[in-house]
Amino acid sequence: MSTVKMVEYDEASDDVRAIYDDIMQSKGIDFVPNFWKTVASHPPMLKQLWGEIGQVMADGALDPLMKEMIAIAVSATNGCDYCINSHTTAAIAKGMTPEMHGELMAVVGFFNKTNKLSDGYQIEPDVKPTID
Amino acid sequence: MSTVKMVEYDEASDDVRAIYDDIMQSKGIDFVPNFWKTVASHPPMLKQLWGEIGQVMADGALDPLMKEMIAIAVSATNGCDYCINSHTTAAIAKGMTPEMHGELMAVVGFFNKTNKLSDGYQIEPDVKPTID
Amino acid sequence: MSTVKMVEYDEASDDVRAIYDDIMQSKGIDFVPNFWKTVASHPPMLKQLWGEIGQVMADGALDPLMKEMIAIAVSATNGCDYCINSHTTAAIAKGMTPEMHGELMAVVGFFNKTNKLSDGYQIEPDVKPTID
Amino acid sequence: MSTVKMVEYDEASDDVRAIYDDIMQSKGIDFVPNFWKTVASHPPMLKQLWGEIGQVMADGALDPLMKEMIAIAVSATNGCDYCINSHTTAAIAKGMTPEMHGELMAVVGFFNKTNKLSDGYQIEPDVKPTID
Amino acid sequence: MSTVKMVEYDEASDDVRAIYDDIMQSKGIDFVPNFWKTVASHPPMLKQLWGEIGQVMADGALDPLMKEMIAIAVSATNGCDYCINSHTTAAIAKGMTPEMHGELMAVVGFFNKTNKLSDGYQIEPDVKPTID
Amino acid sequence: MSTVKMVEYDEASDDVRAIYDDIMQSKGIDFVPNFWKTVASHPPMLKQLWGEIGQVMADGALDPLMKEMIAIAVSATNGCDYCINSHTTAAIAKGMTPEMHGELMAVVGFFNKTNKLSDGYQIEPDVKPTID
């Protein structure tokens, strides 16, 4: 359960159901995840998020597995339970090995430590980069 | 300036100076970054961090550039100025292109949004993964 | 259960029970929420919090429903489960409609994204406002 | 300066310049804020964000001023300097009075405190709401 | 400067000036810190905060220096620049040595790392404590 | 369960089992906590963390109970459930009384509030300390 009533497939409008079909097909699963059934309670959000995720997670300069591992890094840093579970599941499906996961966690842990040390000591930047 | 007096190269003990030399050589730079001059104020921390970063950032199942981009993702999520600047600089040095950086930011932004939606709606996990 | 033994109504001191009665009456409920039974384990905190919440949540330049929705925004950003549940419940009682909740979540999600982009790109302020 | 080279109006592509014109017109300002000049470095992000903000911030069940104050609440909770400055400026332009701002800050401060107490004591939810 | 006009001593009301005098006397300083001049823009907040800090920071089961170091730990974890500077200054005045500060930072850094690992791996509690 | 298969004592390698024995002996418990059984899935992390915690939590300028309470402060600020439970349990074992815990929570709550006010008002530091 969420704080809103989730929109189940059988009771969804045609527009919502079309997105649900697209979600299941592109993920290769036979159920609609709770996240999508929840945001469907506010239909403009469902449409917006499904459009954006397709664009953001597409294969590009970074590959989909790497993007999924970045999602894990963000979710672990934020401590979001739903997100950690879903992105870890997705990353495994995309080929993340136990070794890759172990190294990912080590990197996430280490830089959460140094982030707080940098802030805690109020360390000033050495130089500001500019990507051009 | 930091909240502690940074340990400059010329006033460092032999042990600290040996680590400074190692930092500059392995990063290919001719100055000691403020982070390291700051944590040197507590020598066991300098030694601990320099040992750990060598292990965590080594080429392994994930390559060093990917690890540097994960460090950017963590640092952006935490809003750590020093860290964002230093890891962005390091990622450029390791080959991050503007396209890779743009996609990285898009992924970081998107999942910070969905993290807060997942929490804000109190969405329950669909399934808990187990990597074995 | 909390990490401390909650103070139940029947075992509370007279001072604590008077606050419990006030809590139930002002919220129009017939039980003492776990938050209040928990902080009652440290009586000065119970008294301080109940005094402050009365002042902070009073009808003023902002109305109580708006204040409750701001509490949801803060709690979702922090990922505080207890708080999201209790403030969502309270906002519904004060008249929050599903449409208002959907728009609230959309705003919370969007600005969590742009917050991390602003930090991640180290964007400098255009101008600093001054309310006078 | 940001970590990327900002795209100035004079050097922008026609597509980007059209969005810049739209930004200045809808905000009633005669310059392009640094946020937009920065995300324009990754054109799909500029287009995505400008489309989404128009949808999210539109007058609806919540009015634009209330949405702007929610943006301040999120940004203060995240500690995002750029965002606090820009949303405070925008909220003033939309009619936020000093009294409204003072009450907003009091609410944001109070619930950041109770969020951490609820987590710190591991308080269990009394009831889970369902908006239907 | 803050986002609001700070209330300077000479222009303060009698009530505010009385609190300012109390702040300077109890801290042993001859200026009013920016934090207090800022929250004075919303007088009920000034009064509330000054009353609460006196209660919270009083010598009790924990001594004032330990409380100040806990304030540094919280502020470093949140990355609050103003707070890190002011609490570090206050802790030095209360007797924090460089060794104590170094160990404090090491603890703060380490547990920020393990916090994110615990969340990132979704580790379930071994046992839930109850303080009685 | 964690997102990885935890390494149980009976199936652990000799190196891992030696660390497990050390963990149980130094904590005076007869089981291996889930945290350690989880990080053992990535053996270099187990070894690194166990080495670091021994150094960081050792009796020094700060005593072990104070360090454990700082760990609670960090964990409450981050909202890490596993960590709050385990550090609260450990602090009780090291002598934390209900009064100490109540004051600790009051300090953590208060400074989370003032942290967000300082950021939300964009208050500028009065002075930057330097520990020397």
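Quick notes
As written, the chain order gives the labels A, B, C, D, E and F, with residue 1 at the start of each chain.
FYI, contacts are C-beta pairs under 8 Å (C-beta built on N, C-alpha and C of every residue); 3 or more make two chains touch, one makes a residue touch a chain.
Predicted model only: the values in this text are computed from it and were never measured.
Annotation of chain D and chain F: jointly contacted by A, B, C, E, touch as defined at the top.
Fewest steps needed to get from chain A to chain C, stepping only to touching chains, is 1.
Separating the centre of chain C from that of chain F, both taken as means of CA atoms, is a distance of 27 Å.
Chain A and chain B have Cα centroids separated by 21 Å. Counting partner chains per residue, chain D shows two or more touched chains at residues 1-4, 41, 44-45, 48, 52, 55, 75, 77-81, 84-85, 88, 98, 101-103, 105-106, 108-110, 112, 114-117, 119-122, 128-129, 131-132. Residues of chain A that touch chain D in their complex: 1-5, 41, 44, 48, 52, 55, 128-132.
Those residues of chain A that touch chain B in the complex are listed here as 1-4, 31, 33-35, 38-39, 45, 49, 52-53, 55-57, 60-62, 66-67, 69-71, 73-75, 77-78, 80-83, 85-89, 92, 96-104, 106-108, 110-112, 114-129, 131-132. Against chain C, the residues of chain F that register as touching in their complex are 79, 84-85, 88, 98, 101-103, 105-106, 109, 122. Chain contact summary for the complex, chain F toward chain A: residues 3-4, 41-42, 44-45, 48, 78-80, 128. Partner chain E is touched in their complex by these residues of chain A: 72, 75-77, 79, 81, 84-85, 105, 108-110, 112-117, 119-122.
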